[in-house]
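Paired with chain B in one complex and with chain C in the other, chain A is shared by the two complexes that follow.
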Partner chain A sequence: MLRELSLHILDLIENAIRAGASIISVTITEDRAKDVLEIAVEDNGPGLSVPVKVATDPFYTTKSGKSTGLGLSLFRFQVEQTGGELTLHRSELGGLAVKAAMQLSHIDRSPLGDLASTLASVVCTNPDLDLQYRIRVDASECEVDVSKVRDEFSPDERCGLTIAKHVYKQIKEGLSALKVTE
Partner chain B sequence: MAKKIKSLKELQELKSRVKADIDLRSGPKETQITVHMGTCGIAAGARDILTSLTAELSKASIDNVTLRQSGCIGLCDQEPMFSLSDRSGATFLYVRLDNNKVHEIVQDHLLGGNPVTSYLSKE
Partner chain C sequence: MKLNDLAEKLSLRNLTLEIQIKESTCVSKGHASDLLSDVLANAPGGSVLVTIQVHMNVIAVAIHAGVASVIFASGMVPDQAVIEKAISEGLPLYTSKESTFDIAGQLYELGLRGGHG
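Then we have the complex of A and B:
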């Protein structure tokens, strides 16, 4: 089991990168009036080559030499444990969209966790990836587009670590300003 | 005042010096660390290891390291782990990591040039 929702997001991002995606979008929506937390991770990769039911089977994997694929099934378990639903469909970006909706106040919902470190770790190791992040809490929102952050630096300065530090700071400030529920 | 170029040979020497300088800045770094981030690695703490690693590199002012991520390599029981390819060209697989081990590896291997053999995979 992954102890934070942000680690599930990291796992979905790693899946998308391994599938060849160059654009990944992460959207988190917190609707306090409806008591709903939604997480969507979309990419421009090749999409699903098997039915949804097969993709979330813990004994299905696309990796050679392995017999289990636990990432999606663990996330589905976590989401369904909170009375929510995990759906997979085609993204407007051209690849896969994984969407999870869960009850925000459910006692079994895992905390969002350290989202800033999670996304910074992706940027740090994939400096050329176009990662688009958006978080909405009721009517307020904050977004970070890594390609725009990257453009603030000259080619010599564009190392993963430098961009990651700025992305981390922007996400952290946004989370604090929006007073996101843990 | 800048030195005047008086021959084709001097121009070619200048070209190779500038090219070497550009390669140094934009080419591959001499040390590469790949953090393994399959579901097993993430569950075992790979993100925190990467965060700890970037903090240790910044603290030690080491900037000649390229950080990468990859998936599971089939040694799930030894996660979290990273592979380190150093300037000798050799690759070292450090396993069952925690923040203290990351600190030691940065100090002893990256700064001191001595691999920390007790943290290497025995496989």
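Then we have the complex of A and C:
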């Protein structure tokens, strides 16, 4: 487990980018009545090439020269420790969908962390990536579609940092408007 | 301090008797943590890790971080599959009934220090 859930989200996004995805969606759903926090990261990459059990084995990696692959294993560990479940399946985007459901109020659940900075850093360093972000708290939701943010700028203004700043602001505003649980 | 001597002084139970620990294996650093990302980031190479986590991930993280040995505190004992993986990776595992706090205190008394000590 990592100290913030947003770092697990970052790790999943990095996996997807490394696998060649050009569209990545991040959906966070907080259901207070059911006491559930759900995180879904989906992409249009090639999907899994090994069985699910292998993909979450801490000694399985696709990187050469390494003997351990800790990203998914640590996330699964964190999720299972907080009374939840991590599932991997085919996404409607065509690639992999990683879904984690955990108990929102669990005492050992890591905080969501600095989601806005984390996602802005992804946008800044991958300005052409179509990142679709949505957060739902009960019936309210906030959505940021990076390709739409990008279209607001003329091609010569369209640098990673500019888009990232706008994405950061929109996510931050959404988080405070929805009063998301840390 | 030699790992063998340390295990004897703390009356640790060796879970990986199959591993032949070299007489020359010495440890001078320790780390106590249950947060695996903290172990990855902060456990000194060649240190003894004290934890109550017994998941397979502990073995992977210990190998990745170059930890010399793991002591499970509070009587925690991992599953056989975890022990077998540690044996195949050559990572000695021990268990003790004492708490993380008490084990860390004894290791400190024997001269071991944390990453910044």
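Basically, the second predicted complex is superposed on the first by the 181 of 182 C-alpha atoms of A that agree within 3 Å, B and C clash if a C-alpha of one lies under 4 Å from a C-alpha of the other, contacts with A are read in each partner's own complex, and residues count from 1 in each chain.
Convention: a contact is a pair of C-beta atoms (placed from the backbone, for glycine too) under 8 Å apart; a residue touches a chain by one contact, two chains touch by 3 or more.
Keep in mind that what you see is a predicted model, and the values were worked out from it rather than measured.
Chemist: Determine, for the superposed arrangement built on chain A, whether chain B and chain C clash or fit.
Modeler: On the superposed model, which is not a single observed complex, chain B and chain C fit side by side.
Chemist: Report for A:L2: first if it touches chain B alone, second if chain C alone, otherwise both or neither.
Modeler: In the superposition, A:L2 touches chain B and chain C alike.
Chemist: More residues of chain A are touched by which chain, chain B or chain C?
Modeler: On the superposition, B touches more of the residues of chain A.
Chemist: Just to be sure I read the superposition right, which of the two partners does A:F77 touch: chain B = first, chain C = second, or both, or neither?
Modeler: Only chain C is touched by A:F77; chain B is not.
Chemist: With the two complexes superposed on chain A, say which partner A:P58 touches: chain B (first), chain C (second), both, or neither.
Modeler: So A:P58 only meets chain C here.
Chemist: Which holds for A:L115: it touches chain B only (first), chain C only (second), both, or neither?
Modeler: Neither partner.
Chemist: Tell me the contact category for A:E14 with respect to chain B and chain C: first, second, both or neither.
Modeler: In the superposition, A:E14 contacts chain B only.
Chemist: Looking at the overlay, does A:V98 come into contact with chain B only (first), chain C only (second), both, or neither?
Modeler: Touch partners of A:V98: none, neither chain B nor chain C.
Chemist: Angle chain B-chain A-chain C between C-alpha centres, in steps of 10 degrees?
Modeler: So the angle at the centre of chain A is 90 degrees.
Chemist: Scan A:V137 for contacts with chain B and chain C and give back first, second, both or neither.
Modeler: neither
Chemist: Aligned on chain A, what is the least Cα gap between chain B and chain C? Give it in whole Å.
Modeler: Result, nearest C-alpha distance in the overlay: 5 Å.
Chemist: Starting from the residues of chain A touching chain B, keep only those that also touch chain C in the other complex, and list them.
Modeler: 1-2, 7, 70, 74
Chemist: Can you check the complex and tell me which residues of chain A touch chain C?
Modeler: Checking each residue of chain A against chain C gives 1-3, 7, 57-59, 67-68, 70, 73-74, 77.
Chemist: Which of the residues in chain C come into contact with chain A in the complex?
Modeler: The contact residues of chain C facing chain A are 35-38, 40, 55-57, 59-61, 63-64, 85.
Chemist: Which of the residues in chain A end up touching chain B in this complex?
Modeler: Within the complex, chain A contacts chain B at residues 1-2, 7, 10-11, 14, 17-18, 63, 65-66, 70-71, 74, 114, 117-118, 120-122, 124-126, 155-156, 159-161, 164.
Chemist: Quick one: in the complex, what on chain B touches chain A?
Modeler: Where chain B meets chain A, its residues are 25-26, 35, 37-40, 42-43, 47-48, 50-51, 54, 57-58, 63, 66-69, 71-72, 74.
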